[in-house]
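Below, each structure is written out as structure tokens.
There are two complexes below, and they share subunit A, which is joined by subunit B in the first and by subunit C in the second.
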Partner chain A sequence: MELIKRARQSQWYGVGLLLIVTALVWLVFKAMCPSTFGDPDQLLTYLQTGLIYAVGGCGLYFIVVMGLWDFSIGSVLVLSCLMAIGFSQSMGILGLIVAPILCGALLGAANGLAYIKLRIPSLIVTVGLSLIYESLSVFASGWSGTRLGDAYKMFGSYPWNLILAVLAFALCTFILKYTKLGTYVNAIGANEATAKNMGVNVDKYKFLAFVLCSTFVGIMAILYIGYGTAQTPMTGMLSQSLNFKPLMGTFFGLAFKKYGHPVAAIIIGEFIISMMFAGFVALGMPVTINNVVTGATLLAIICITTKRVKGAVVK
Partner chain B sequence: MNISRRNFVKYAGLMGGAAGMGSLVGCSGSGSGSSSDSSASSGSKIKIGVSIWSSTDALGKLSVDIIQKAADILGVEVTTVDQGHVSEQVTASVETLCAAGCNGIVICNSADSEMTSAINTCNDNGVYLAQFYRMISKDASPDVYSLAEASKYFVGSVHEDEVGNGEKLIELLTADNADAYKGLTKGARNIKLEAWTVGDATFQLRWKGYQSGVSTWNSANPSDPVTLSDPVYANTSSSEGANVTQQFYNTDPKMDALIVAGGGGDPLVGSVGQLANMGLTGTIRVASTDFLDDLKDQLQTGGMYCESGGHFCDPLYSFLMVYAACKGNSDFMPSAGSYGKEILFPYVYVSSVSEYEDYEKYFVDEAPYTDDEISKLAAMSFDDLDKSATSLSIEDVKTRHA
Partner chain C sequence: MEQKLLLHAEKIDKRFGPTHAVNEVSLDFLEGEVHALIGENGSGKSTFTNMLTGILPIGSGTFTLMGHDVAPKNQVDANHQGIAIVVQETGTLGGLSVADNMFLGDEDQFIRRGIKDTAAMNRKAQELLDAYGLGYIKATSIIDNYDFEDRKLVEIVKSTWFDPAVLVIDETTTALSQKGRDKLFEVMDHVRELGHCVIFISHDMGEVLKMADRISILRDGDFVTTVNREDVDEDQLKTLMVGRQMDDHYYRTDYPDYAREQPGETAVSVRGVTVPGMIDDSLV
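Take a look at the complex of A and B:
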């Protein structure tokens, strides 16, 4: 009991909890399919997809922690992937890296500007803008094509995907812990009115959060296109389906924010989701069962680890 | 202005009553209920709507382009709506196209159930309707089939023999082939199946074909059985295709074939790319439907083993059937009591570089139909049109364009 009490006071308690959950999930699937799941080299493959969505989840964290939404990240991802494809053909590796990040930053700036100037809910603004970005992706694909050249797929596998992802995680951690932006996004999320009264330029930091979110999605696009190697433009709001995997990681970050290590929580959360998918493939389970159990597990983890106050207003 | 609760309820009731009375009067006054005669008069331009999953992916773009080519030749206005094979959006697309004043619609739906509202909407608006790449299943959806039979506006369906397609791909995968890429000469026995969207009508039929093909092989070769995995769904994303393929191999390194059932091309690209990343190109036979842009390279390097495709002229025939109905051609005008016209469109099967080079020459570099040929198709009777469609092949185009 004393040990648990001291553990609870540790700043790594939240991460420790998640690691225990990870181990438990691994154990369950390993027990059910000992020869086809969970070997060390297989764990690395689970991490590979988890890293991609964790980078996106880090970007989305800046938005969601303030109580906002950004449902344009799917369309930003598609357009950034197409920019990566197009500019890699003319500028090589430089184009592959810079173009999607710049594209993400610009689209994030557009999101932020629209949100601040229009004064309508972020969900509506970003959904509306995602339709425009989807249309832009159609034009972009006419110029860039939809397939990444073989020479530029290095970010789809180790070690380059890990290097880029770790740099992204480090950047996110640095911003959240050591910059004014990080402090203020948390403050605005905690109590916007108080933050404003204390002199925080709320509009400015919301704008910057949108820019950061889509910039991280641009980084995610480098990993995403390197792994998948093709991206067809999506229209008719089909890109919305790409929003949810990074968002699930963000939810882990949000739930474990109070323990002080949201980035670690996002990474571990995405790894758990990726591991569960692989486990269900190993079991030969239909995808519908996969989705049900993944959703239920997400809810269970959040419920167990979040202190719910009886009678509190939950939005 | 402040309105008391009592007055609010009173006024709302009055307005509701008035609206109800008005709609009753309107309905009883409209007679037959059909709002327009959809066949175009000699002076007005025919407008045909296209309801498709995506007009921008590989197959979608080819489909829309061939329809647009025919429309330009025939002086038809075309409007396209992307519905992503989302049921609600499929339904909405037909309503949108009818509201936009289309005389006819060609549709690639996802599930048969969507055709109920599509047919009803077209009946109500007097708009001719035909399917491409799809046909309503009489066995699986008898109610929808009956509705199509009863409709005076459902022209028919152009579709592929997807079950036959599945069987053919299994036949190609399981057979030894001494001429294949060096690591792929032995027939496959442990086949993994990657699908795209749960419940998709086309996939269900192809899956039936794959299972039938496996069953046929196992009956003939009980001591050398083939296994086919249950499908894992990769949606339409290359990244998910790559992940599914990776997990297939992780869980069963003995797999010797992968079928990527469809999904617009991206999942196949992701899967082939992932096999390359894992150093498995040329060791696992990969089969799919809908030709890749770089199929020739993939066949040369062992990235792909065989593929069916080249059926992008299917929508052209559906378009021509609706066009003929809109022009008042009695051979195509639907009659209540019969399903309408059905064209079984052939796939092109490619499993070697030389076969693909032929396909490329006659279907990609040049269009399989010239402008004159399309004009002639538009004037044909249904029997001649059907014959033209079912005989389309590389050899057919070679003969016509020799």
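Take a look at the complex of A and C:
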């Protein structure tokens, strides 16, 4: 018992637990479809997909850990992809990298300002703004086109996608562990009033979290457009469907943050989800099963990560 | 030896809408004393000390600490001015490490070129925990790994390691077991020995009479009086608190007759009630 107690207090307990879950998921699908699932090459492909969403999940973590929501990340992603396409044509590789990151940061600043100044729930603010960003994406696609030039697809495959993703994860870990912002987003999420009492400038750090969130979505856009090579504008809230995969990784991070390694949990979580999608496809289920898996996994993760008090009022 | 004035509160006043929570209270706190602040719920004790420690803005009036007016903007600002508080409810934040909690809002001492020297912060936190005899609490661990009492002990270290001139203990003992209380009393004695002042809020009259040198009573936001511990007993304190003569029954005298007539019968039975991290079922 003492050994288990000590293991649970270890910082690596959560990561170990997730790796066990990863192995179990792999084993289950491998047993059911041994020839079409889970070979080393395929695992690398699952990882490649998972990395893209994990970068977005890292950004979203700064928001969700504070108890806020950002439902604009899908539209930020679309617009950032279009910026990457457009600016890569005029500025080359520099445009491909800088434009989406800058676009994300600016849209994040707009989200943060709107949330702080309007004093209405973050979910409503970001859904409202995402409609505007979606409209902007229509104009942007008219200017930039929707296909990434062949010369700029390097971030869609190894090793560049891995390098960029690792840099993003390192940046996220660094911010969470070695900056005041990392400490304060957790503090605000745990108890905003107490954090304020301790002198934390809550509005400032909420604003910065929104900027960071969309900046990471900008980085995700570089990987996303490199992998997909084309991006059409989305309107009528269609971009909302892009929110959920990064969000699931974020919830893994939240669930395992008490063990001290949320970024690792986000990465492994996205890998597990990516593997599950591939597993269902390998089983011969239609691609739309992905939506079922996304929805069910999202609900399951929320149930696990949220402290649900019996008898409490849930709105 | 005559004790010097450390902190003076001059006509401290606070209203919450129509409620006059603290009504122009003036009080002196001396060097090297444990000064208990007692009163019924709603008497204004916590509101008074919350204004002193920056948790609430001061309505009107002035706190003067060692000759300087103080009006902290928040708890960390209060700490920088030599005032600290250990609150009744949980004051640590989940998801952060023990060290992060201990230096929350005061990390600048570990910041070099914008980067937090987490290793140095962890080191210092562990040194402090060790010095308080709490070495079993690991500075690098996430605070969620510890129970309510250990988290409270971390708060005590957080609030006292820098030897504040004034330490407010706001009904903290309610949440502690005997082990935690002993540790808290040890810390209070240490603060007194340093020539500083402890403002001790408690509903436990036995505890107040054991620890306090002087006792001030508040009632419905008004200051009633300050007495020396040697001059009063528990009943006199209760009388001062409620404003009328008390018999043996402080809390309720209106129990149904059958409850008084049949002593020994179970009135309320509790079995296996647990609150994770707070109440262990083995204690019930």
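Here, the second predicted complex is superposed on the first by the 281 of 315 C-alpha atoms of A that agree within 3 Å, B and C clash if a C-alpha of one lies under 4 Å from a C-alpha of the other, contacts with A are read in each partner's own complex, and residues count from 1 in each chain.
Going forward, a residue touches a chain if its C-beta (ideal position, glycine included) is under 8 Å from a C-beta of that chain, and two chains touch if they have at least 3 such contacts.
Small disclaimer: the values here were computed from a predicted structure and weren't measured.
> State whether subunit B and subunit C clash or fit side by side on subunit A once the two structures are superposed.
Here the two partners, once superposed via subunit A, fit next to each other without clashing.
> With both structures fitted on chain A, tell me whether subunit B or subunit C touches more of subunit A's residues.
Of subunit B and subunit C, the partner in contact with more residues of subunit A is B.
> Once the shared chain is lined up, is A:G189 touching subunit B (first), subunit C (second), both, or neither of them?
second
> When the two structures are overlaid on chain A, which partner does A:G156 contact: first (subunit B), second (subunit C), both, or neither?
So A:G156 only meets subunit B here.
> Using C-alpha centres in the superposed arrangement, which angle lies between subunit B and subunit C as seen from subunit A, in steps of 10 degrees?
140
> Touch test for A:V200: subunit B only (first), subunit C only (second), both, or neither?
It touches subunit C, and subunit B stays clear.
> After lining up the shared chain so the two structures overlap, which partner does A:K180 touch, if you call subunit B first and subunit C second: first, second, both or neither?
Second partner only, subunit C.
> Who does A:Q231 touch here: subunit B (first), subunit C (second), both, or neither?
first
> Enter the shortest inter-chain Cα distance between subunit B and subunit C once the structures share a common frame, rounded to whole Å.
Distance of closest C-alpha approach: 19 Å.
> Name, in rising order, each residue of subunit A that touches subunit B in their complex.
So the residues of subunit A in touch with subunit B come to 33, 36-37, 42, 45, 48-49, 52, 138, 141, 146-147, 153, 156-157, 224, 227-238, 241-242, 277-278, 281-282, 284, 286-288.
> Would you tell me which residues of subunit A are touching subunit C in their complex?
Result: residues 8-9, 11, 65, 177-180, 183, 186-187, 189-191, 194-200, 257-260 of subunit A touch subunit C.
> Would you mind writing out the residues of subunit C in touch with subunit A in their complex?
Spelled out, the residues of subunit C in touch with subunit A are 54-55, 73-77, 91, 93-97, 100, 104-107, 111, 114-116, 118, 138, 140-142, 144-145.
> So in the complex, the part of subunit B that touches subunit A is made up of which residues?
54-58, 82-84, 86, 89, 198, 229-230, 232-233, 235-244, 246-248, 250-252, 264-266, 269-270, 273-274, 277, 293-294
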